[in-house]
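Got a structure here, written out as structure tokens. Questions coming.
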Amino acid sequence: MWQWFHRLASPRWFYQASGKFLPWISMLGLFFISLGLVWGLGFAPQDAKQGNSFRIIYIHVPSSFLALVGYYIMAAAGAIAIIWKIKLADMVMKAAAPIGAAFTFVALLTGAIWGKPTWGTYWIWDARITSMLILFFLYLGVIILQSSYEHKGLSSKAAALLALVGTVNIPIIYKSVDWWYTLHQPATIRFTEAPSMHPDMFQPLLVMIVGFYFLYAIALVASIRVEILHRERRTKWVQDLVFTNKNNDP
Amino acid sequence: MNTGFMVIFRRDLLVAIRHRGDLANPVIFFFIVIVLVPLGLTPESSKLSEIAPGILWVMALLASLLSLDSLFQNDYDDGTLEQIIILPQPLYFMVLAKIIVHWLVTGLPLSLLAPILGMMLSLPDAGYPALVLSLLMGTAILSLLGAVGAALTLPLGKEGLLLPLIVMPLYMPVLIFGANSVQLAINGFSVIGPLATIGSLLALSLIVAPYVTAGALRLSIQG
Amino acid sequence: MSDTNAFASNSSLMGILTLRDIEFHRNENLLFSGINASLEFGDILQIEGPNGSGKTTLLRLITMALSPYLGEITWQGENVTYIRERYLKNVLFLGHQPGLNESLSAEENLIWWRRLNKSNSLSDSDALKRTGLIKYKSIACSHLSAGQVRRAALARLHVAEAKLWILDEPFSALDKEGSRELKILILDHLNRGGIVVLSTHHDLEIKNMKRISLVSSRQAC
Amino acid sequence: MNTGFMVIFRRDLLVAIRHRGDLANPVIFFFIVIVLVPLGLTPESSKLSEIAPGILWVMALLASLLSLDSLFQNDYDDGTLEQIIILPQPLYFMVLAKIIVHWLVTGLPLSLLAPILGMMLSLPDAGYPALVLSLLMGTAILSLLGAVGAALTLPLGKEGLLLPLIVMPLYMPVLIFGANSVQLAINGFSVIGPLATIGSLLALSLIVAPYVTAGALRLSIQG
Amino acid sequence: MSDTNAFASNSSLMGILTLRDIEFHRNENLLFSGINASLEFGDILQIEGPNGSGKTTLLRLITMALSPYLGEITWQGENVTYIRERYLKNVLFLGHQPGLNESLSAEENLIWWRRLNKSNSLSDSDALKRTGLIKYKSIACSHLSAGQVRRAALARLHVAEAKLWILDEPFSALDKEGSRELKILILDHLNRGGIVVLSTHHDLEIKNMKRISLVSSRQAC
């Protein structure tokens, strides 16, 4: 069991194993996303009130999902890196931060674009929107902190500490923002709870969500691989990989 | 009491008193910024009184935040930190002492001054007790969480405002509960709920923050 | 990458403080390796080498301010990482930076330091007198000259009870009189059974001094 | 162009770019602080839109102010300032170069970002041109006047918030004209008047501030 | 309060750089007085004295960083206060602090300094090579060791064309090789007709070196 764990945690092993399954998840991801897109954009019925503009939901909702999930993946990796000092976890954390931030940004952007036709404004201070923005700041903090330290070992430790504090805080932030919002009960448009969606609209959404999970995985694995190559560039196996092409890795 | 705690506590208090001017600075900053608001916004007291709880809280938060920069910086620059960290004393208490002194010279006076500024912004009478209580506890949380940020950004140099970016998201719950407790009090509701929440946030950060700060400080001298 | 002539062979006999096969990498570049030394009570170890060879780094490893490294540092036979607190009780470290708060006077700084370290019975003003600072004792450190700041930092040596002194270029900025006094202070400490590890570019001319000579390591960059 | 100006300009820009993160910091600070406001005050867009001009201006002022701390501090600490001052070059231009770089990395991006934040605070459409224009000129004045304050407080150490105290009164006219120009524009009035005033304030401080700053810097190394 | 043996009598002959009866008070306390010296091209003046006696202060007076003082400093016969710009064109001052921006590399720092000073034809990388920093030239100064920082600061001596070097403890933190090289550099400068004023606790063993010995001044406080 432990042996297996440590083997998995060895960057070299991960690089080689991921090389084998990356094409597969890429294909699956491509499949789900194109299926979802074609279905959602082409075949799902128009929304009664919002017309075609609702179709942005097929990007918006999946990326909102992954934005949050991504933070926990990042923080968990940070915790593992700090507690068990596992190199690979360190790299996962480093790779997860910008990817998560990117998904958060896409969620914010698509939401804002969607807001204009629906609410007539790009932005309202809705509880979920606001907490999404705060999440984005948390990500930014981790990324900037990480890149500001020049000493690599320190940068990931510092960022992991911050991510951990953030993890304790995320539920608190969400609770408080929610509480704040219900307290004020603003008269403006409310961000309705999952509108009871027609199954024809909902099914492609599910497909897109699955597709986005794959997309996230692809992005994460790919950037971990780059990070591994970078950090282990001095080691023999990487040199072999780069200079002689005898490794049959794709 | 723990030696490390007492020594650092007295030392930092002495340093704060030596810089006599600095003691008053967060307070003066708070004061000036609050004066800016009517200038930039509106002098009408009816409108001011509406935004008063929020503005007071936001500005108290900023005042406390901005004085954090120097919490560990001088000790880091002059080599004290490096030598303190390798003492055979638990770092937790020394860090806690520094944070408490920080609160004593910023949060505490800010909270006590707030009613006067509230008056200037026509804060309705019912809001004052909640304002002072929420600020007293809230600024303590700010000092605690802020210390984490200050320690994490320590080796990165003074330039830049990375610290606010890091701690601001962590501050948001405190701000929300703090400002809203004042608003609730003004509207005649009970404030026990939000104040209790702030209290438990304080307890939580009192336990967690000094540990994380100590860890970050240990990192900072590895450079 | 570095050669050492400090009792590498002796290490089986186990001194009070021993360094065994210490190796350190900075950002993946080897800085030094194969550092060995073994010190008994009363021993002094000078770390020498050209600028940038890693003297400060090695001292900071010994004080446990810096990690991780390969190899082992032991105190009375135990690895210091496992007896951190017990080991550090014996250590007094003065680095390049003085560790003095600028807005406090030399005396005030000394007072709070001695409260944190285990300290002997010498009074603060006696310590300041011996470092020649008594006239300046209540002047803020930001108003002292370079050498006076150094003296204020060294005042801690007079009051501390630590067995192991780790000093990074303690002679810098001192005038001749100050250097002479510091050397006497170090000799006294050795006579009382203390251990001193220091880095300096001076020739100290102390008998039986052990040395570690680091060599400039950076070959390719 | 004057040698001293060009050299310092390029050097400071290089330093700013080297600290990549720091470049973005005042902007991020501005952004975050603006987010604090609805949290502390109210999420209602009708109310936010009323206070938006003032809030945007106050916060831009704070962001610019807080980045001033480090304008001369590093050069002072590492001995560069002392050595620059005794160069046979007019100090005026070197100081001006530093100030311009400061504006380029704080005031300029702040002003360009302001419309997005205005949108988030539901600033009415008519206000945007006046907002950007007044901020562009106004933040330049803030950098200029702020430099005077930064130079004056230089030998006093990093601790404390004395700098805001000194420069805030100087900032007030800029704030008043700036915020009011936006308000006027929203209400449909012409903004040429206040903008012209800001322009002339800018011209005045461009001439005076670097001189005074240079003088203050000369004093600072006399300690 | 201070004695001087540096050609006080000669001052009527008027050297290139002369100090005449310099007297300085810090916060109303006399620090030194009656300082006289007269330097020709090719002369070197060492300012010595115990810690806190005012060496740094005197050097800063000569560079015009500090004022006011009593007495007169002249350059080619003219009081420097009246010919400030003309005088300072000839001056290169390296203080205790290196004057290097921490986030820039040694090379970048050198580049902008040489643009501000009148400079000779030696290239930046040659200058860094001569100070032994060429391997580190693109590393941020915050990552250099104490001695490397000092070397980076001294690199300016290689590229500057200033006649008058004013150096405050330039040997501090340098290793032996570095000290030797610096001494050679100073001798070269003197041979080319330069003037050097420096403070140091080292014995420089340079022939015909002039000296000003300051004495510790603080009697009552």
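Letters are used for the chains, namely A, B, C, D and E, taken in the order the chains are written, and counting of residues starts over at 1 for each.
The rule is short, and it goes like this: a residue touches a chain if its C-beta (ideal position, glycine included) is under 8 Å from a C-beta of that chain, and two chains touch if they have at least 3 such contacts.
Because the structure is predicted, anything quoted here is derived from the model rather than measured.
**Student:** Among the chains here, which has the CA centroid at the largest distance from chain B's centroid?
**Tutor:** E
**Student:** If you tally contacting C-beta pairs, which comes out ahead, D-E or A-C? Let me know.
**Tutor:** Of A-C and D-E, more C-beta pairs in contact link D-E.
**Student:** Hey, how far is the Cα centre of chain A from the one of chain E, in Å?
**Tutor:** Roughly 58 Å, centre to centre.
**Student:** What whole-Å value do you get for the distance between chain A and chain D if each is reduced to the mean of its CA atoms?
**Tutor:** The computed centroid separation for chain A versus chain D comes out at 36 Å.
**Student:** Could you grab the centroid distance between chain C and chain E? Build each centroid from C-alpha atoms only and quote it in angstrom.
**Tutor:** Between these chains, centre-to-centre, one finds 30 Å.
**Student:** Touching two or more other chains, which residues of chain C qualify?
**Tutor:** 96, 102-103 - these are the residues of chain C that touch more than one other chain.
**Student:** For chain B, what residues touch not just one other chain but two or more?
**Tutor:** Counting only residues that touch two or more other chains, chain B contributes 19, 74, 77, 156-157, 162, 165, 168-169, 172, 176, 222.
**Student:** Multi-chain contacts only, two chains or more: what residues does chain A have there?
**Tutor:** Within chain A, the residues that touch at least two other chains are 134, 137, 140, 144, 148, 151, 177, 180.
**Student:** List the residues on chain D that touch chain E in their complex, please.
**Tutor:** For chain D paired with chain E, touching residues are 3-4, 6-8, 10-11, 14-15, 18-19, 74-75, 77-80, 82-89, 221-222.
**Student:** Give every residue of chain A touching chain B within the complex, in rising order.
**Tutor:** 134, 137-138, 140-141, 144-145, 148-149, 151, 153-154, 157-158, 161-162, 164-166, 168-169, 172-173, 175-177, 179-180, 183
**Student:** Touching residues of chain A toward chain D in the complex: what are they?
**Tutor:** Residues of chain A touching chain D: 121-126, 130, 133-134, 137, 140, 144, 147-148, 177, 180-181, 184, 186-188.
**Student:** Which stretch or stretches of chain B touch chain D in the complex?
**Tutor:** Answer in residue numbers: 19, 21-22, 25-26, 28-29, 32-33, 36-37, 39-42, 47, 50-51, 53-55, 57-58, 61-63, 66-67, 69-70, 73-74, 77, 156-162, 164-165, 168-169, 171-172, 175-176, 179.
**Student:** For a test of understanding, state which residues of chain A touch chain C in their complex under the given definition.
**Tutor:** 151-152, 234
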